[in-house]
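Chain IDs A, B, C and D follow the sequence of writing; residue 1 opens each chain.
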């Protein structure tokens, strides 16, 4: 892929770090592979609000990224929903070119989830992964103390928690990398804190081939 | 009907200084809310108004604010609620309220502010320098200088009429030099209430804070909604131009005093070199010009009455008729185009598209409120004539009194 | 004129100076629906309160307590009358399993539900005309045999369903156990008379002195009625099978009470009375004995201690207050005396099984003790007399063999009350008989209308866990006590011992109800919602609505619901209910341009009424 | 001399308590809803709960002023607002002054017959940053000049809108992005909060001043109405938990509003301008150690035993101030030995019991 846009939809405050971890780690490993990459938060989504949608963007390219200053990913090839209910709420498929990939953190099957996806024909594959279970994640308020630290890290301030993907981000990253190959498994794996959840996820992917021809 | 108004007008001429003239204008405008904070020299205006309210001559809320910032916020709130508001300040006071100039103009509230110029600190100096008001010139306020108490009175009335016009709805800064206008008495013809009633209808904002017609003032926007709103503000400023001209005609019809809304010319018919300035020094300039005319110098005066909105084409057409333009700054613009003041840029820019551009340079005179005396005008005239002879300027800015 | 020729594209239209028109209170700010922020949706779901569940006839107790709180006494009375024909009676005699189940019991003290029921019952009796009306006549005739609790209840419900009901009562006055089994000082006769009068008001015909098998035959019933409910109860006292049980001075509990109740009591008690048995009837007999002139009354029970006695604790307490002595773990093996009773032969004994109905093991080898007394009242339960019943409908328990619906085979004969419940594990209590009568009546109606019968469904979610409610809203508060007559004065009279609630007392006591798991319209969810996206159409149970277009799923309402009737359901379990937005901020880009138009038209719109 | 029309003022009746004997049942609330749904505040937002209750208590003849802060930015996202009554944004430092302007305008306009009707409720909803820091002078000015308005400080104890920075109302030990805990400064915020409400009461004794909490809705709504009925300026400081800043489970917004009072960290009182005295009669249902309040919030979970003890001491002083006899447990809790680090598990047990 010459140029790939990855958009992560997550929920403000409660799952913000998860979103950041995904784009930051993929962007970082892209660099290691000598690609041009960019990771950023959606500017107007901040300051984020509890439960509000916040978007994180990642751009991976073989050549210089010339649209570095545009606010949003206008044509995301890969979309990740960190919280399953978001599948109902927004047109996260907006601008997706045919052959895209949608990754959802959910215990529901892709067959059930597809009903909520707007314009699914643009999807090559719908990937569902029960990241919460794999990462043994107590949904929402699992770690108030760390959540407090996460909050100090928004607006691009330095990450207070040095761990990358200690939580549900790990399985989601695994899902993205394995199903899209946007970066190499071997470059990203060393960064991930929650190795167990990461490797477990590789076996637990629940993939529905929607319209592979479009790819 | 203007004539009719004239006939039954009970006018009277009174001697008063610029501060009191401004206060009188506010009284005739029957303002609803006045908000004051002390700082020389504009203070006298608020003193006068305080007495009028105390005497029951004026039915208004008189609020002694806790700062200029609060003064302007109070004015903003009152105007947003549909009240006619009068406030003012001087020098650093003007700057303490800086945050509010854009919000007031942006929410299109026709707040009126009287400014008696005062040099900015440091150090403390009561003298007049236009830098205080000019520093806010691009915030979307209608702005201009009066040269006499009478003109100040008239400008205040006209400013309300212009700013509150539904086609305009913009705040106004009616400026006068500290001391030169604010503290020197002149004859002021106070009109008959009926004339004012005919000229100035009650203030009516289309969407005030009224529980019967709820609206929200100033919600957040997204980046993409910025440009259209800014464009609207630019249109409002431009749209004010014809209204300003119309109102000046109306004023002349009803009150019998006619002003060119943009520019006052003096002895320019055959002039080759002219002074370009704002405010009170225009008075002294006229005497100086008379004297130098006696000595054969073809010198004239162009006084800018309204700087915002800026009459670019008028300035271009007028000044293109001359050979040399000497801009008297009476303001400080450190590190500007002419490394002098800010007026030079306005003049130079306006003339850029002219087919026959005059020579333009500026004089730093009257800084710190120093009076510009006749011999300084002679000296400046000499500089202009030399430049005309030379066909080139010596330099962009001369510091008057510090050069041979 | 630098702005000359500029134009603003429609999707970027903005109102004058960014001044926006106010949203409406009806629609909310529909430009910014926030329902899609929600992962969990709050849903109102009333649970089954433990009291309603425990009640023998499933009275809507939480419901009428709530109505009493609000002073809506008539509505409360009407609600109770749906399941209970004579609240004034059960309000006095019920063993109130509801109060044992009451969640408030775990917190401070159970609600005195029976006292409130009695308040409502008496209020109902005081009405010139009952709020209950007979149903639209359906032309069908039903006979109800027996006017005890079960019969009364069945007849009442059938009349409400539009049946022409005839009650056949063998004794001279209607009431059955209510009259014959309960002393006046618990349930004054006139109360019962009024309740029976209410039955007549419903168009029910009561034929007294009409005994089935004697005055009416099985075939008459079959021939003259479309259906029949047999609620003949247990009329024959059990014997203790002791020698000399036939001596004069030996009485049997139920007949003893019944004869007094009917005013036909001719016997005479001696100074020292022994009562054999540990149940409610035994207690009533013991207390009645005092009122019949006894000096000393002793109760002899097989149960080893008071706690094991199958009776209402309050009644036991009141009995002891009146001075009855207790002898536990003994069985009378012989009645001593030449011709009349002089004493009892007692032996240690205990029940062979768990329940008090199980056979008794008497230790004959242990030395017997003599207990001197002048009269003996035996109150150890009773059995049925069913000589008139076709034998195919008799069962080994000596009761009527009815199916789960109270129906006899595929006939139109039904049976209800003790006559079917004896030995079935069901407690033989008034309220259970009433419930059985009610259910039987409904089943009968179904059968006659040719509908299929469905077995009773057990409520799945009975709320018994206090942590499911928000107890911060319920300060500890002790129950309102009912006044009692002084033991010494009351034990010689037929005056009612327990006094009823005043209106204030009833309201205060009802106010203690948690309304467990059931919305009682306290408005708390409505008040604490941050959006606010909870609307109430009317302030009563079940009339709150969550605006799913806006609810962000913060769950404050769930946390703060005092009664725990709100619960969270995963949003994805719903197919619909969320506005999908094009972007994180807009339903569709440019929709905000609409504000410009609205603002322009604002001056034309009429003013909002603010006064 | 000009004609003076007399200004008619509103008189709003007070609500009865929801606790009637054993029964909990809210009084009949007005059906009017000046604050409507459809805004970008956090799920479970405390200030928004307060905003809604306040506006409901005030009714339709009301004008709201919103200085910059969460209740401006979050509530008016993307060129639309949730206010069915007139609302105006003003600068964060202009809370008191803009409000004064609105009040003055209505005084004059009604007096001069330019607006007809009863004097509107004029309410300013200022955050603690606006009221306690940058806008302090303007609020004081408005109170001092006694304009007929109600200035509410919705106190979420920080600048939340900008992403959680410390304000002068941020409690000791509160973690914010400007007061993060670190090896050198383990407690995060070293300073105890400014007692804004008492400052306002002491400095403007002619005003109605009170503290309130979203944990006690009817009390809050009544204080709002008292403030509005008061002929002149009134100031209300309302505890409004911030889910984002405090880091707690959203359903707990009201719960925290009760706990902060029960733990003595937010004394509830009223200043009576007629009698010129404080009314300390408010008593919570129970009194608890501060740790019970702290343990529910991520912003405190870095605290060590000595910090908690220090806060207990602070709370105890507040209890004494309002004249509560302190249970010995609370006095003992001033000793660090009696406390456990927030992070440690056993602390839950240590503070589990309610005093």
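To be clear about the criterion, a residue touches a chain if its C-beta (ideal position, glycine included) is under 8 Å from a C-beta of that chain, and two chains touch if they have at least 3 such contacts.
Keep in mind it's a predicted model, so treat the numbers as computed, not measured.
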item	value
Common touching chains of chain D and chain B	A, C
Winner on C-beta contact pairs when C-D is weighed against A-B	C-D
Distance-to-centre winner among chains (Cα means, whole assembly as reference)	D
Chain C-chain D separation of Cα centroids, rounded to whole Å	47
Where chain A and chain C are represented by their mean Cα positions, the distance between them in whole Å	57
Distance from the mean Cα position of chain D to that of chain A, given in whole angstrom	39
Contacts with 2+ other chains: residues of chain B	211-219, 221-222, 225
Residues of chain A engaged with two or more neighbouring chains	44, 50-52
For chain C, residues contacting two or more additional chains	14, 18, 20, 22, 37-38, 552-554, 585, 592, 608, 610
Chain contact graph, described as a line, ring, star, complete graph or other shape	complete
Chain C contact footprint on chain D (complex, rising order)	18-26, 28-29, 32-46, 48-49, 52-53, 59-61, 77-87, 117-118, 120, 217, 243, 250-255, 258, 285
Footprint of chain D on chain C - complex, ascending	14-15, 18, 20, 22-25, 28-34, 37-38, 69, 472-475, 477, 508, 511-512, 520, 522-524, 526-533, 539, 547, 549-550, 552-556, 558-560, 562, 585-586, 592, 595, 608-611
Contacting residues of chain B [partner chain A, same complex]	222-223
Of chain D, residues touching chain A in the complex	40-45, 74, 160-164, 175, 177, 180, 243-245, 247-250, 296-299, 301-302, 342-343
Footprint of chain C on chain B - complex, ascending	106-108, 169, 206-207, 211-219, 221-222, 224-225, 227-229, 231-232, 234-235, 238
